[in-house]
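Some structures are shown below for you to check.
Both of the next two complexes hold chain A, though its partner changes from chain B to chain C.
Our next item is the complex of A and B:
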């Protein structure tokens, strides 16, 4: 095999040499012709230009090929190096994939026993979904109020606007899981902890998004309404609300989807809802039931996504 | 008595950018004035100083005899009630119906709560329909504004400002985004409003030929200073070039 490869290489080299000699021949020929036909000088320089341009072009392609080869070799070396360091056996890695699939089919497909858990799983799922929806709606109401103070469009107090933006940034940048862990100390393992953890993260994100939406969508019509002598409250209800509501509703729907997913994870920490159900089945090594939980979550999220897409279509 | 008077008004943005320098002029009731000048010369700033969307840095502005540079919130609302404004990009609430946008012109006259709730009297609604009819938009009254063409949107803007029963209408580039035929419709309506309703109109325009045809007075402004103030007849070609700080043959108006 190695021999064959080297043979090929040799052939390649030979052929490239041949090409090179051909090239020199061509250039010599053109030189000769330029000497003999001095009268058509202009035309010839044109020819020379074109041939030079073609040479440049081919060299660009050669360069690109070289970069590709080097990049490929680099990746290969990195892979080999890391495989050696971590004792990773490539062949074993790939051959284990079918085994994994077999294991998954044997253990993760919901069996008869797991279907008995379905009613309790569904009630937990409903609980989680309702908490996620409640959190999102509460946070959205607060966010809308705060975003009115934070946006440039309403020309509220600039200091207040600044404070609102900083508060929103703080709540947004602490991850929801961290909120949950922090709140566990004060509220213990119950639904309220999860509620507030989700609430803070959602509030921070939605406030920021609402401020940007209002600035983008409503600033021009609010300017006109201010010019007619409308008060700030009037511009909010007659200008900002009607013009920004579709995108705000759209964002709320998106947050409900995200929060159902996140609340599953937070439920593991706070021992509530569907997340806790998954955790218990998993720790009991009742993988069939655990996978039924996962499947039910996936179906719920897809269903909510479909519903919210329909709602978006109607309101846009 | 002039309805509007500027006395040495200056405006500086962000403490560095000079938009207006010692601008003085006065406008009588019922005049039709066009302000021309290159982009960024301060035309929009002048208009926005009048209804206090922008606060002048120095000098005083008198509207209807009152100094409005020192006006508090209540007085500002009074001034804005009496001045309509028309924008280049119409600035309507696109998702509301035409009639709702026209009725927004009444917000300045209403109590905060009734205005916020969108409660209008029968009289106001009748007036709104009458104005729409006059502007040829009666059929469009219940359409959403984003279904309208540019020229129709601008007519809604005009209807909204007439709804205010204003003394003065400010037009910030009213025809800059419109095709020639809609432009003519809009300019005809504005000059009709000016003549039949005796409402003073101040327009910012980029189209010098339009300004010359429609207005009885032209103010030329260059980098925040007035360089011409007078009737269109005495505005010479060289003066136009001075306003736009260009030499012969560089303006679209030079093309014959």
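Our next item is the complex of A and C:
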């Protein structure tokens, strides 16, 4: 294949050179073209060789090509079907992009009046960030104990392990929006609505992740400790905790970042925190203040991402 | 002073014991004479500090939240009551079953469109910011731009685009696409960075053009990772599309959830739709796992 490639490339270069020099130096051009003819002939024989070789060992390339074509067709059909079902206008989809950018540049810029709202926006942002952190820490603590029951390494009761996994799957798969709507009935517009909604979703996800992490990272060291006669509690605190701590902390940092974004969404739905601040300005058509909310979220999320990356560099 | 003396005595006994081969001097002990099992390292210190800071912020958060004098016990009890109504007596009354299935299909399609657009944009974005093939300056600019896009929550994108592009699927798909593209650029560029540098160099040496390197070396080598990431993102987009339907009126099953819960206050209907969503998510996950296994 590589040979064919370089041959073709040479051929191309030679012909383009020939075109360039045609009007300035005729004799050189004719030389070049004879050159290209030679390489073309060489390529023909090469092609014949390759096609013969392909006949012998056709399966790999033809199969790959077939898979690619099938995948491409599948995506195309999926796209067309989805566009029809959702009434998605492809042309409008593309023409709206410049319109959107112009609108954003004109309207989504903080003005002097909007800076007056900054203290209230920042206090709402602090509340949302603290909720996200508190939720993640509480969920991580619960998930860790649950995942100890769910992992294969501790050799807990297999029935208990299965029950833990099913419970985690249930909490993970019920959308956080549903939790928010359900909690809104009893808790109303309260910090705790967002807190519990996020808690259930985070708990389900982290339990699954922690079970996988412990199975992956700690199994060999737990086996070694069992062999030396350590008790279950000793294996947990001297084996599992130290060996899986770096990945667990890394996942917690990731979840905090995600939860800040999700709690904005739940805030819009349940009228709490920074999501509510955005929704209020948005419905008042005070887009300058709304843009300030967006900017403050962006700065917070990027700051957390940068700090997390630094921590990850040291601990992983 | 006394501690020093004790330490000196301990060192003396260690030196005098017949078994000592100098090993004892290297084993660190606690003041009470126990052998220290955990080595002190920078990594452990950072983990401890991180955990302590997070715990401190959690406690501070709980102390400063405005609970509005809510009665936690009664609220939790009534939530439990509502949850049992919702999950144990699911029933449709405002939507027909086929209507709910069509709404599910709409949500699925929104997620699919956003994933396809996101994947295409992200592929070219990733080529611009993968460290092994991109111009470092361009890579930094693209990376910061993508980090900005990713930091804005999807709900805000959808709400902003709804004003600018009008209510409908265009705004929803575009809003979902922003975050998917940002997420996939990061994932794709990481898979591209894992491609063996030798292959790229060999192609460069044989005179292959940029696009030949991309399609003959990079794409085949990272395709399985990219497919796995794309399916993961599709699962995320599906659940985000549900949330967008509920919070931004983007249609689909999410909007039905919102109507059932916050407009009709019908817990039975909310429960039934939740079950539909949960089953759909599980089926999707199983399907994705199968495809991922096939690609590898």
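We adopt the following convention: the second predicted complex is superposed on the first by the 214 of 316 C-alpha atoms of A that agree within 3 Å, B and C clash if a C-alpha of one lies under 4 Å from a C-alpha of the other, contacts with A are read in each partner's own complex, and residues count from 1 in each chain.
The rule is short, and it goes like this: a contact is a pair of C-beta atoms (placed from the backbone, for glycine too) under 8 Å apart; a residue touches a chain by one contact, two chains touch by 3 or more.
Quick caveat, the model's predicted, so the values are computed rather than measured.
In the superposed model, more residues of chain A are touched by C than by the other of chain B and chain C. Look at A:60: by the touch rule set out above, it reaches neither chain B nor chain C. Look at A:243: by the touch rule set out above, it reaches chain B but stays clear of chain C. Residue contacts after overlaying the shared chain place A:187 against chain C, while chain B stays out of touching range. Of the two partner chains placed around the shared chain by superposition, chain C is the only one that A:252 touches, whereas chain B remains out of contact. Look at A:77: by the touch rule set out above, it reaches neither chain B nor chain C. In the superposed pair of complexes, A:166 makes contact with neither chain B nor chain C. Contacts of A:233 after superposition on the shared chain: chain B is touched, whereas chain C is not. When the shared chain is aligned, chain B comes close enough to touch A:221, but chain C does not. Note: residues 238, 242, 245-246 of chain A belong to the chain B contact set and to the chain C contact set alike, using the contact criterion stated above.
Those residues of chain A that touch chain B in the shared complex are 220-221, 223-231, 233-234, 236-239, 242-243, 245-246.
Contacts from chain A toward chain C in the complex involve residues 2, 5-6, 9, 75, 78-79, 81-83, 85-89, 92-93, 96-97, 99-100, 103-104, 108, 127, 130-131, 133-134, 136-138, 169-170, 173-178, 181-188, 190-192, 196, 238, 242, 245-246, 249, 252-253, 261-262, 264-265, 268-269, 275, 278-279, 282, 287, 294, 297-298, 301-302, 305, 311, 314-315. By the touch rule above, chain B contacts chain A in their complex via residues 51, 53, 77-81, 83-85, 87, 89, 91-96, 100, 104-105, 107-110, 112-113, 115-118, 157, 160-161, 164. Against chain A, the residues of chain C that register as touching in their complex are 37-38, 42-43, 46-47, 50-51, 54-55, 57-58, 60-62, 64-68, 70, 72, 74-76, 78-79, 82-83, 86, 105-106, 108-110, 112-113, 116, 147-148, 150-156, 159-161, 163-165, 168-170, 172-174, 202, 206-209, 212, 216, 239, 242-243, 246-248, 251, 254, 257-258, 261-262, 265, 267, 270, 274, 277-278, 281-282.
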